[in-house]
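Shared chain: chain A. Partners: chain B in the first complex, chain C in the second.
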Partner chain A sequence: MTLRRLTLFAQHLVVPVVLLLAFGLWSAQAEDFFFPPLTEIVRVFADNWLFDRVGSDLVPSVLRLLAGYAISVVGGVTFGVLFGMSRILRTATDPVVQFLRALPAPALIPFAMLVFGTGNSSKVFIIVLGTMWPILLNTLDGVRGVEEQQLDMARSYRIPMTARLAHIILPAASPRIFAGMRTSLGIGIILMVVSEMVASRNGIGYFVLQSQRSFEIPAMWGGVILLGLLGLTLSWIFVRVENRVLRWHRGANGLLPESDQSSKKAGSTARKNAPEVNDA
Partner chain B sequence: MLEVSRLRKVYGADPQAAPAIDDVTFSVADREFVCILGSSGCGKSTLLRCLSGLIPATSGEILLHGDPVLAPPKDMAFVFQDYSRSLLPWMTVARNVSFPLRYKGVSKEDAQKATEEALEAVGLSGRQKRYPWQLSGGMQQRVAIARALAYRPKILLMDEPFASLDAQTRFDLEDLLLDIWRRFDVTVLFITHDIDEAVYLADRVLVLEAPAKVALDVDIPLPRPRDQLKTKQLPEFAELRTRLFSAIQREPAAL
Partner chain C sequence: MRQPVKDKGGPPSVAVPETAAPGARAARRPATGAWPAKRADLGIKLAGVLVVLAIMELCSRLGVLPRDWFPPVTSMYAELFRLIVEQPLWVEIGRTLRAWAVGIGLAALLAVPCGVLLGSIPLAYRMARIVIEFCRPIPSVALIPLAVLVYGTGLEMKVFLITFATFWPLLFQTIYGVQDVDPVARDTARAYGLGPSARFWVITIPSAAPYIATGLRIAAAIGLVLGVTSELVGGAPGLGRAIAVAQSAGNVTLMYALIITTGLLGLTLNSAFAAVERKALRWHPAQRQEVAR
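What follows is the complex of A and B.
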């Protein structure tokens, strides 16, 4: 088992290592201004991000992202549940939701600057504006897709509405909620960078643009690499959490490793609610 | 005592539309085991949903122990046909069974005791921490039955609970149900389209004709305890089955 894992891990590393080596060898003698030697990039990266600028640029960026994302999750799930459960609310709000979701969030950066200034709140606003909709719409679909019979069961046992919401509707919708959250996480990182590039005094996006403007190309690349690593880390954490929370869902769909599955037969339960990634 | 009189159900707003249930009258005594037999589409599921208070009847009256049933009553439990859709896959077996108890005002200790007892009665002790999807279909339906038992109902409504199980599992669960029915002192109202199942289980069989009307009310005087082999070998069993079969044959197929 561990040997298999090691082999798998090695297989994952082959392509990145080869690419890095190739770029490293080529860039070492290329003397191209736009593509500085890899060693130089790594050196500058270490200078900047171990740990000089962590407090001044990385932390503010991450906090903006997390704040915006948290607001979107809470708001998206709340409104998604409300709209999913009420036909009237759903019909009445649909045009506005569709409009806002179709609106490219960066288009409102100038407005955000006017109203919120160049501080954190304008960035958080932009992030919320772009990440709320996938979560809201997926939650809405998830809530509508709850098995009728589970709700009948709850009614026949006289389970109160709040408990139905907490123990049936939300869990049943959770695969879709997570699908929306996954889409939104990617959008959130993009909007974090974009909003920091337009009007900002710090943040990774600001740092990348600033480095380019002062012709510090290795530092610019360092910022780009940091953004990639940040995205990787966040999605890694996300997948961990999702796997844990949605273990039942993978089990019910027969997607768990055999050792966890044991004697199971009919597994049509949650198919209907299987996550489909919604485009933003 | 469950009394149903002149029950009628029409879906939709149009009172002239074809009724799903048309004028159903019958009563079930306490601790009686009554099977409602009918071919598919004859309105038997609609009837059970009305009786459970899940959907309102258009007209007529349902009295449970003298009180009209307008919403799901406290001492009634419902076992659905599709166990995989009525169990909650995100809860363990024990949580599924104890889930309704918390809202019935049962204390935590009592709920736990009732859960263990019910799971034991259906032969699932030791599976408390499993999830429904880790169990076979027959075991999942046992969990659903255990959930109903733990709720301590006076009347158990069952909507073709064994229809989607294989024959052997169905026989096992039929015997399990008869055993439980005796031990827990409940009234059972059991819907099925399987004539043998109805005759084997019931004290009385009501044959439903589409649109649901009680076409026949047959006492099943077969001796108890019943046995899958011996009971089904009795000449009376064959006689009753033939009688019910011809009653069902006579009505037009409603599909």
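What follows is the complex of A and C.
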């Protein structure tokens, strides 16, 4: 058992270690301008991000991301529930929503600069504009997928609307809402970086672009690695929260206790990349 | 395991909202036939668009929103029409679309074989997992500076970024599609003595196809975002740069016309991919079931 675990562990680690070693050895003697030695990248990374620039670049970036994400979650769920419950509203807004969703959010950066200036609000606006739609559309589908019987039951027992929302509609839609939120998180990180690359004075995106423009290639790589770590951390936190909140759902589907590792993995991978944005 | 995955919006559910919708609607309003309902829907949709456009037009004309920032919608569309007639728009669209098509093509050529390999050999999947998990969350846009440095500000830079960004959804959709092959079908094929290569073409590829199609549709949207972004930030010629140039030149109407063009382009690509997906995979159980329901 322990031996089997050890081999599994080794299988997971062997490729990353070999790749890192190979890159480290190659870059140490290659003198390639674009690919500086690994040790150099690590040294510069430590210089910059432990913890010199954390307050000046990392924190503003993350705060803007969280602000935009929070607005999107609230707005997306609200409108999603609204559109999900009213057929007329849903049909009438459908073309506009589809248009805004298909519009690449970075194309609106010039617009945002015009209207909101170059401060925080324009960046938050861009993040909201990109992350709102997956949440909205998933909530909408989730709300439409609520079992008719449950709704009929609630109606015949004259359960008030607020209670119906809190106890029937939102819980039933929550797996879909989380699926949308997960898609949005990835989009949000991308938009955070893009918005900081155009007309900005701080942030990780700004730092990466500036490093490149001043030809500090190790610093640029450091920024890219930091972004990877940030993405990894945020999605890890997200999975923890999701598992916590949706525990009842997994349990009800028999997914949590018995299912073996591989099928759970496959399931979660699929959800990550599933077409959360359905085109109805 | 299959059922719950579907419930949570896994790939098979692509079809759920679309094909389930008419059934649900018919159940609720049994008196009306399919056609009048569809036409009524179209009317409501048109009305919705017109109301939004009219509100924007009025806000601009009446000065509720500052006119310098929000020119009337009619003038945006007049500008758009002028651009369409006078050609320059098509040149920009062509530049963006070319990089988009090459990038996604390359990504598909790389990702689908990798996905098939990783999906069918558990050992390979385990060995590659950490590398994949680390590379995937790196926002593709973070590589724009690197791409500009290495490839300059031309087509290659855009293609590199689009390929990198669209590789991941395609890879994961393929892996999942290959892993999700119905074990009964696989065992049956084996029992009937089909060889590995026959099993691959007859069982694995058809059952992974819907997932790959979904991956392509996701990739189409991401590819456009990356194309526009790399033009906007990296300065490669195309729609994105045209928008930035219009803005910095103070030609607000032109900027809006170009933004509308970009949105319409995204909409067209997305619906085209969705339509192809529906049409090509009509035979697939995931789609048939939903129709039958």
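Throughout what follows, the second predicted complex is superposed on the first by the 243 of 280 C-alpha atoms of A that agree within 3 Å, B and C clash if a C-alpha of one lies under 4 Å from a C-alpha of the other, contacts with A are read in each partner's own complex, and residues count from 1 in each chain.
Here, a residue touches a chain if its C-beta (ideal position, glycine included) is under 8 Å from a C-beta of that chain, and two chains touch if they have at least 3 such contacts.
Since the structure is predicted, the reported quantities are computational estimates derived from the model, not experimental observations.
Applying the stated contact rule after C-alpha superposition, one finds that A:Leu129 touches neither chain B nor chain C.
Judged by the touch definition given at the top, the superposed model places A:Leu58 against neither chain B nor chain C. In the superposition on chain A, contact is made by A:Asp94 with chain C only, not with chain B. Touch criterion met: A:Leu209 reaches chain C, while chain B stays clear of it. In the superposition on chain A, A:Phe111 makes contact with chain C only, while chain B stays out of contact range.
Once chain A of one complex is fitted onto chain A of the other, the partner contacts of A:Gln150 are limited to chain B, with no touch recorded for chain C. Contacts of A:Phe34 after superposition on the shared chain: chain C is touched, whereas chain B is not.
Greater residue coverage of chain A by touch, when chain B is weighed against chain C, goes to C. In the superposition on the C-alpha atoms of chain A, the part of chain A touched by chain B in one complex and by chain C in the other spans residues 262-263, 266-267, 269-270. Within the complex formed with chain B, the residues of chain A that make contact are 147, 149-150, 152-153, 155-160, 163, 167-168, 171-172, 174, 248-249, 251-252, 261-270. Per the touch definition, chain B reaches chain A in the complex via residues 49, 52-54, 71-72, 74, 76-78, 80, 82, 84-86, 88-91, 99-100, 102-104, 130-137, 140, 151, 164. Chain C contributes residues 1, 3-5, 7-11, 13-14, 16-18, 21, 24-25, 41, 44-45, 47-49, 51-52, 69, 122-123, 126-131, 133-146, 148-150, 168-169, 172-173, 175-176, 179-180, 214-215, 217-218, 221, 224-225, 227-229, 232-233, 239-240, 243-244, 246-248, 252, 255-256, 258-259, 262-264, 266-267, 269-271, 274 to its touches with chain A in the complex. Listed in rising order, the residues of chain A touching chain C in the complex are 8, 11-16, 19, 34, 87-88, 91-96, 98-100, 102-111, 113-115, 138, 141, 144-145, 175-176, 179, 186, 189-190, 192-194, 197-198, 204-205, 208-209, 211-213, 217, 220, 223-224, 227-228, 230-232, 235, 253-255, 259, 262-263, 266-267, 269-280.
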